[in-house]
Amino acid sequence: MSQEIREVSPTGKAIIAVVLIPTIAALNYVGGVIVEALKAPIWGDTWATILGTLIGGFWVGAAGGFLYNIIMALTVWGLPSWVWGFANVAIATIAWFMMKMGWTDLKKPMTWIMMIVLYGLVYPAFTTAISIGIFGGGPLWKPLAAAVYTATLSSTGNFFLANYVQNAFTEIIDKPISFIISVIIAQRIPKRFVLAK
Amino acid sequence: MDMVWVKNMEPIIKVENLTYAYPTSKDFVLKNISFTVNKGEVLAVIGPNGAGKSTLLKALNGLVPHFYGGKYGGRVVVSGFEVLNTPISKMSTKVGFVFQDPEDQISGLALTVWEEVAFGLMMLGYPREEIDKRVREAIDYVGLTGLEKRSPFELSGGQMQRLAIATVLALRPEVIVMDEPTAQLDPLGKYEVLSVIEKLAVSGSTIVLAEHEIEEVVYFADKMLLLDKGEAVAYGDTRKVVTMVEELKRRGVDPPSVTELTSLLKEKTGVDVALPVTLEEAVKIYSELLR
Amino acid sequence: MSVGVSLLKKTTIEAETFVQRLDGRVKFLYFLWATIIVYIFFDPILNLIFLAVTMALAVYAKCWKPIALTILIIVVPWILFAVPILALPLGFPWNKTIIGYINILGKDYPVYLEGLGWGVTWPLRIAVAISTALLFFLTTNQAKLVATMFKMKFPFKLIYMVIATFQFIPLLASEANTIMQAQIARGLRTDVGFVQKIKNYLAVVIPLTLSALNKVQIRAIALESRGFSAPVKKTLLYEASFTKLDYAFLMTMLLVTVFLAWVYVYIGFSPLAHLPWIWSG
């Protein structure tokens, strides 16, 4: 029996994004809890932002990350740490960019290079702007980081540079590791869950 | 008088040559399926895993094809609405869908059981007084009275599934669709939920349900549809389908124990006896035989 | 309250005071207003005044403990850590004005006003932001929060995302815990090296993610099947509206704003502590 077969375009992506975004935010949060419990040597609270971008596109990652920061600000860190939400947006942007440029293959050296450059050098510039503009900058609480700050400041006399180097120092290990973890997880996810092109 | 008779016999669900493939699937998941469901009937959809039962059910409220997209052929008309041309939100006023996973289908927006039951009504913009009335009725109907203020995620599996049914009932749909509602429940939960389903069936609700527990379903299912690899293999009165023991077993479906037992005994002994579908029937038939 | 309850329910403080009765929008405006003011001025004493007023409201609303705790954990150590570094010779490039000397290990070090002011004012600005925001958050229950967002013309899908996050967190946390216990039962140990710790992390996070993504699929079709996308005005369980109380509060804020504007113009950006100009407020 011959039959007219129609191609129907799906409407589900929007709703999936609506449920995926809070899931990403919650996964960021729980990621931090897991890191505590397993005493893993990373911050672990932005991995889901990167993962969200890899599977859901820029908006899912950025919104999920931003939402995470707002919730954290309200329940744990206190506002106005919500401004770090923009840092999460930056993380999502970098992840999206790397995805578009094909730098998610861990076997390619370019992936590693761009990962360190973008997350370890470019991203801290962003966080430095936030930390100075909103929080006044200055030394971080971690002794090693504070030492880097003081050393840079005393040798160059430049407040902005001191903050930047301090931030780059802390981020250059943490963010690339989060990126690697998210890429590994993204590879294990069945195709049907992936929204991003 | 004839007009009234015709009206009652007008099927509330008409499926004609339904053919469907998900965007990511190579083959068609549903092939040329046709059946009807009259008002007040209970249709049980049975078949092995992967037969397409879930997909078929989703074709009744518009998830197939609208949510997933894909290739769609044939016609599905529910309560006068052609599913292909009706948005899911409109279909949700006519078709209530209860999913298999008790916890994952809870909205996440409601802090209490009461709010969750009100969810559908809130989404569709019903006025507050109407919501209050219907939520009260629905909660009482499924037996969750007293649990209104609990968090929906604090309930047991059986309670959560009854909560889902209440959420659906509050919308007063014309058809209730259930996708293996007891699959993830413990025996107590299964019992609680099947009791509610039976109550609905007896009171004249139109239900389409996919269910593995054939033994339970025969009590209230009027018709049965056997699905395998996307095709409708058998369709008709429950008794007719469920006594096709060979066919069922060949397709990977377990017939009720008493039916299978009697069928095998028939083969072995050659005694000509009707196949029972429920335990009670079996007792009757065997007590006659053993007299 | 057990695992299944939303984080939002656990954090809201229900009490019958006027603070809880204030409209969510007014409280949110108070947070924005106070924060902007303390960022315009550069005065730690002004910050302390705002903080004190907010804490007084919090005490009355019976929600002062979480706020005090947050400030104690975030702001106090920050000040204690930042001030010594910034106020002493090495830590801050704009140090000029010596206000005293401090003796460390036998040597006298000068203490600078600029660094000290900087190290105290910024954390206190954050303290004001934290306390006012938490005041809003702790005294506005979920129903009122939803109503507030609705009145502020948030798209409904956004409201859903905010509320759902609070609900998903405890659910995913409990699932993560189950997975961790299962992995520990299979021999996972935490006293291991760097690389193994990362592998442990993946052993929990990967199953968690897959499970979470599966839930997303199911929840999405369930929401759709219950009319989530219906293009109608959703009925909310609570309608937000202004009362005399809200107007009184708003009027007070307006009067204070006018007063502070006068202070800024005629006295300066650091009216009480008289901190010197650095490079920006």
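For clarity, chains are labelled A, B and C in written order, and residue numbers in each chain start from 1.
Convention: contacts are C-beta pairs under 8 Å (C-beta built on N, C-alpha and C of every residue); 3 or more make two chains touch, one makes a residue touch a chain.
What you see is a predicted model, and the numbers here were worked out from it, not measured in a lab.
Chemist: If you take the mean of the Cα atoms for each chain, which one ends up farthest from subunit A?
Modeler: The chain farthest from subunit A, judged by C-alpha centres, is B.
Chemist: Out of B-C and A-C, which chain pair has the most contact pairs?
Modeler: Counting C-beta pairs in contact for B-C and A-C gives the edge to A-C.
Chemist: How big is the gap, in whole Å, between where the Cα atoms of subunit A centre and where those of subunit B centre?
Modeler: Averaging C-alpha atoms per chain gives centres 44 Å apart.
Chemist: Give, as an integer number of Å, the spacing between the C-alpha centres of subunit C and subunit B.
Modeler: Comparing mean C-alpha positions, subunit C is 47 Å from subunit B.
Chemist: Measuring from the mean C-alpha position of subunit A to the mean C-alpha position of subunit C, what distance in angstrom results?
Modeler: So the centre of subunit A lies 20 Å away from the centre of subunit C.
Chemist: Counting only residues that touch at least 2 other chains, which ones in subunit C make the list?
Modeler: 160, 164, 168, 171, 214-215, 219-221, 223-224, 228-229, in rising order.
Chemist: Please set out, as single numbers or ranges, the residues of subunit A touching at least two other chains.
Modeler: 11-12, 15, 19, 22
Chemist: Which residues of subunit B are in contact with two or more other chains?
Modeler: 67, 88, 108
Chemist: If you look only at subunit A, which of its residues touch subunit C in the complex?
Modeler: 11-12, 14-16, 18-23, 25-27, 29-31, 33-35, 37-42, 44, 47, 51, 55, 63, 67-68, 70-71, 73-75, 77-80, 135-136, 138-139, 141, 146, 149-150, 153-154, 157-159, 177, 181, 184-185, 188-189, 193
Chemist: Sort out for me which residues of subunit A touch subunit B in the complex.
Modeler: 1, 3-12, 15, 19, 22, 191-192
Chemist: Mind listing the subunit C positions that touch subunit B in their complex?
Modeler: Residue positions touching the partner: 1-6, 8-9, 142-143, 160, 163-164, 167-168, 171, 214-215, 218-237.
Chemist: Using the touch rule from the top, collect the residues of subunit C that touch subunit A in their complex.
Modeler: Residue positions touching the partner: 7, 11, 31, 35, 70-71, 74, 77-78, 81-82, 85-86, 90-94, 118-119, 121-123, 125-126, 129-130, 133-134, 137, 157, 160-162, 164-166, 168-169, 171-173, 176, 180, 190, 194, 197-198, 200-202, 204-206, 208-210, 212-217, 219-221, 223-224, 228-229.
Chemist: Residues of subunit B touching subunit A in their complex?
Modeler: Interface residues on the subunit B side: 17, 19, 23-24, 32, 65-74, 84, 88, 108.
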